[in-house]
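Letters are used for the chains, namely A, B, C, D, E and F, taken in the order the chains are written, and counting of residues starts over at 1 for each.
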């Protein structure tokens, strides 16, 4: 059952639970060792905040390519913490907000967290929260400065706070002097091997075993090198498209090979 | 009867029907195999959204040169879906709106869609919705960021949403990091062969058969190579201009050859 | 009588009549064949909009150098159409308007036109309507985007609209991606020959016949090549200045030759 | 009496009389033939507007270096016209105005002028009215566009308007496409000869005749070439400074020679 | 007891005491001679303001790399002054403020200080107060100009004021012409020797003596050169992370060596 | 008594007296001949405005390096004028003002001055009034344009006005075309000789005579060349710092030599 990872998530009694669950819609498929490492590194920071007397505030940045699973993993770490206060700050919940309303909402969530003895806040998709666009470039300096200060602002005496952020634009954060504001970074890699793809395909039960093995062989033959790279999110999307087709196997194989990052021998 | 393609369109009981019909004013003339392929690819995404349990949100981008028929095709796919909620977001319906009103209108249509179990939204002419102008360049970052988030925002549990956008400025969307926000792309080519022109001319009954064959021969003689390219919208405009003239055939031929993309031997 | 061209203009019962008449203050002097061609091309578009079932909206751009007569010609085509709705959108009528008021006024005139079955709108001096200035460059993107959409917005079913715009900055419109929004273009040349100057001088009765012939000969002797270029508006201004002088002939000749575009042998 | 030029000015019954007089505070000293030429060219345009049936609107630009006397000459031409409506638009009268108030004030003066059958408006120091600064560069596009339109806006039928503008930044107006909006230009040169300086010194009675001749000789000896250039305004300022000194002659000579444009042999 | 430095801090009866204490959360560990020098230089300025009749206003800038201890040292100097008015201006206390509110708050604190005969204000993290971001670059010129004036504004006769600012972006302040506004600068170095690390480790009681000596030896072996550099703040963070791990020593050593500024032989 | 210069200042019955006195807090020490020259040049302009019939408005710019004494000298000239209206416009008195309030305050002071028959206004620190920052560069064009016009605006008939401005950024004013707006400039040099330093030291009674002579000798030995340069303001600050130290002489000498402009042989 490919939802098993999700089942391991113990929902806390914090307010953002439904929202956080929606971030892990398709579970956490353990397609490589990295997934475990990321989750256990996450736990370490959860423990540090809970236990250390000298570091009541710890901030961690999850970064990786578009669709590699950052949001799902950050949400999972937060839900696994069992802290009494678990909140999500995400662009999706602030569509249509003015810069000011956004800033007020963010500030409010932080102020709420200061009231709980132990809190975790997931700040999802920093580049989108900042209204970043590479043309110009433009972004909201108001939100940026607010976050830069909040990322370093000590909670009141006796209160503790863990911050988990995600971004697919780490280099932009660096240009903004924002990386310095984080205490630690965790890299989330995309899927890089055929066996990982195979694990995912098995989990989502798209094919029969023979279909799957046929599909994997076809892909293997068509790619130029062993260097492949695809986000788990994209892989799931392609699989679901293929599911609608009469000939699922060839639709899946051909669509996957059309992805530039798959390095197919014959570009479509 | 050159309106036959239009007749195949089955109007849904969604609200934007009249508006969508206006987008297909001159029907869909099947002047090449691409037209069929585009419509059937569209149907595939319509089915995926309806059926898949893992991808409740799918977003597709139709792109191609100015006047190649993007809007008419997007409207046709949407009307063919028979979804209970079918809406058009277009710059024409928001003339004179402030940036804020525009954003509110867009957000409202998305929020309405979340209430229907199954929805399709056509977002027409992205570059114009964004108030894009290459000088500067300038555009509305407010609208851009709103769309970037809405394109990825999951509808509530159990609700499904198909997004069909059009643009004639795909490269600009890329510079804005907007392409990543789409799950799939469909390319809409311009008319590229004389036989396609011939099919269109026949459909619109501009000439008698002998006139038409004479016109096609004249064009064939005057062009430098086999590489031609003209949007169906422009072709229809030239045909209608010629229709007013006493000498329809030569007016049509000369005006068409004045188009730079027709690669006429003697530039006017 | 040099006002004869004006007399041929049949005023419609549209509202902008007085304003449009003011644009043709000094009539249309037929100083070259181009004038006829432009007016008859204009008529063709007038007919297309009236008659074609497939192109209820046609937009035409008159472009040419400063003072070449664009506004007078656009106004003449519009007045000659005898459409029930004839309106002028010009920067002069919106002096002191804010960007918003301008946009509202433009939008209002278009909305009014949609109520008439058959309408023509002259949009004069696009670069000025857009508050264009080459330093920066700066312009009103609000007005630009409004016009870009209105130029392509279909009137309601059964209604028809002809748009005639003028500009002396065609290249700027190109940089703004505005040219694509027009269905057709008409080039308005400046006065390029001595015989055209002679025709104008005769019409405005500045000189006796012998004075005129003497003046033309003087000019002919002093210019370097046959390539000359002067707007009819400037020519009329110089003529009227000269009229105040005791020695009209030499004042006219010397002032005209001081114009750089006249390529005089001895620069002043 | 060096105020004789001023006495020749016949004040009209227009409203701006006191303001215009203040612009010619130190009269018009006829220090070279150019002064006469400029005033008589001015008269010619005054006559054209009054008499011509075809050019009810004429706009003239007086340009020259800082302090060369542009404002005084423009005011003199306007006051000499004896038109019933004579108004001054100047930055000094709009200190502290917002961009909008400025625009409204300018528009109001033009609208008032349209009510008089015959009007002249002096628009002083265009670059300052436009809030021009070379860093950036920055300026008020609102005022620029307002002026660009007003400079070409025909007064109502039967009404006539002469516009006289001044600027010391002609090249900037060119970069702004503003020069095209003027029908004519008049160049106002600075003082370029020692004899002109001598005429001015005589008029203002700074020295006795022998002092003056001594001063002129001293200057003549100390300058490198015959090319000198100084604005009449600066010359008057230096003369008045020297007047306070015990040794007027040497103070005048030394201060004048410190001006870079005087090309003194020994730079101070 | 590694809190001894903190205990030496004598809290004044000024208002910001709790806030200032929070800045020295982990005490001042005397890990090198620089710490003493900085604190005694600070005392000298404290005395000058109290005693000199000619310099009632003195402003000092503490600068150094991120996390080197600037804020803790500035707060310590201020608290040690025993002045009747001791205030902290910091970005953390103004999260969510508009530019105007920020400016008003800063101005208010200065105005309050002018009422006390003897005041010290700590202005923490100038670059953050200015909303500085290197992209653009952007910053609040309103806050900058306010600070530039306040840094030089004499308190009223008989009143005295010491200003202590901190920044990790001295070069940016230079580009802003802000350095000129300070009367003196104090450089705060990062930790540069292994023995300093050893002192810190001893103070925070992370390891037993043998563990510590083993850890120091391991680090010593792995670094390329003697040039190391790490902020005391980062060192404390790494120590606390390691404290959570089962194998504290290797977690500490490996994490510390992953810091680029530690110049480890084998980059992780 | 080093306050003797200050005692020579005869306070006028104008309103800004206390403020102006504060600008000359440490008197005017006559450390070089330049000080006398500047003050007597100032008097000359005071006389010109009072006496000349042709120049009712004179504007003077005092410029020089940071801390060279510009403000103190400008205030002294103004206070020495004995005019009935003496006002100071300074950034310090407008901290926290919006651009608009600043402009209104400036305009108000000028309007007040127009009511007095004889007025002097000191406009201190132009670059700061303009909110100048080199990054960008940015500045208030509103204040700039207001000052540009006010610097040239004639007071009403019979009224006279002297303007004395200061700046340490003359080159920036040039880039802004602001220098042209001044009638005259006065350069204020920094301290450039050891004997000037000696005069200042004597005046402020920091050392006994033998200490002073020892200090001067030490400095003399340590500097590389005779070219030194230090503002009197900085010199006074260093002297007062040294006064707090047990070893005043060496603290003074070492701190002074750390100034880059002192060209010490061994850089600190």
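The working rule: a residue touches a chain if its C-beta (ideal position, glycine included) is under 8 Å from a C-beta of that chain, and two chains touch if they have at least 3 such contacts.
Here the structure is a predicted model, which means the values were calculated and not measured.
Steps from subunit B to subunit E, taking the shortest chain of touch contacts, total 2.
Taken over every residue number at the interface, the positions common to subunit A and subunit B amount to under half, indicating a different-residue contact. One simple way to say how far apart two chains are is to compare their mean CA positions; for subunit D and subunit E this gives 60 Å.
Note: centroid distance subunit C to subunit D, computed from Cα atoms, is 34 Å.
Residue positions of subunit A in touch with at least two other chains are not found.
Traversing the ring of touching chains from subunit C and stepping first to subunit D, the chains occur in the order C, D, F, E, A, B.
Remark: subunit E residues 22, 25-26, 66, 91-92, 95-96, 128, 131-135, 138, 204, 236-237, 239-241, 243-245 touch subunit A in the complex.
Taken in their complex, subunit B has these residues touching subunit A: 44-45, 47-48, 51-52, 54-55, 58, 103-104, 107, 110, 137, 139, 141-142, 144-146, 148-150, 152-154, 157, 175-177, 180, 183-184.
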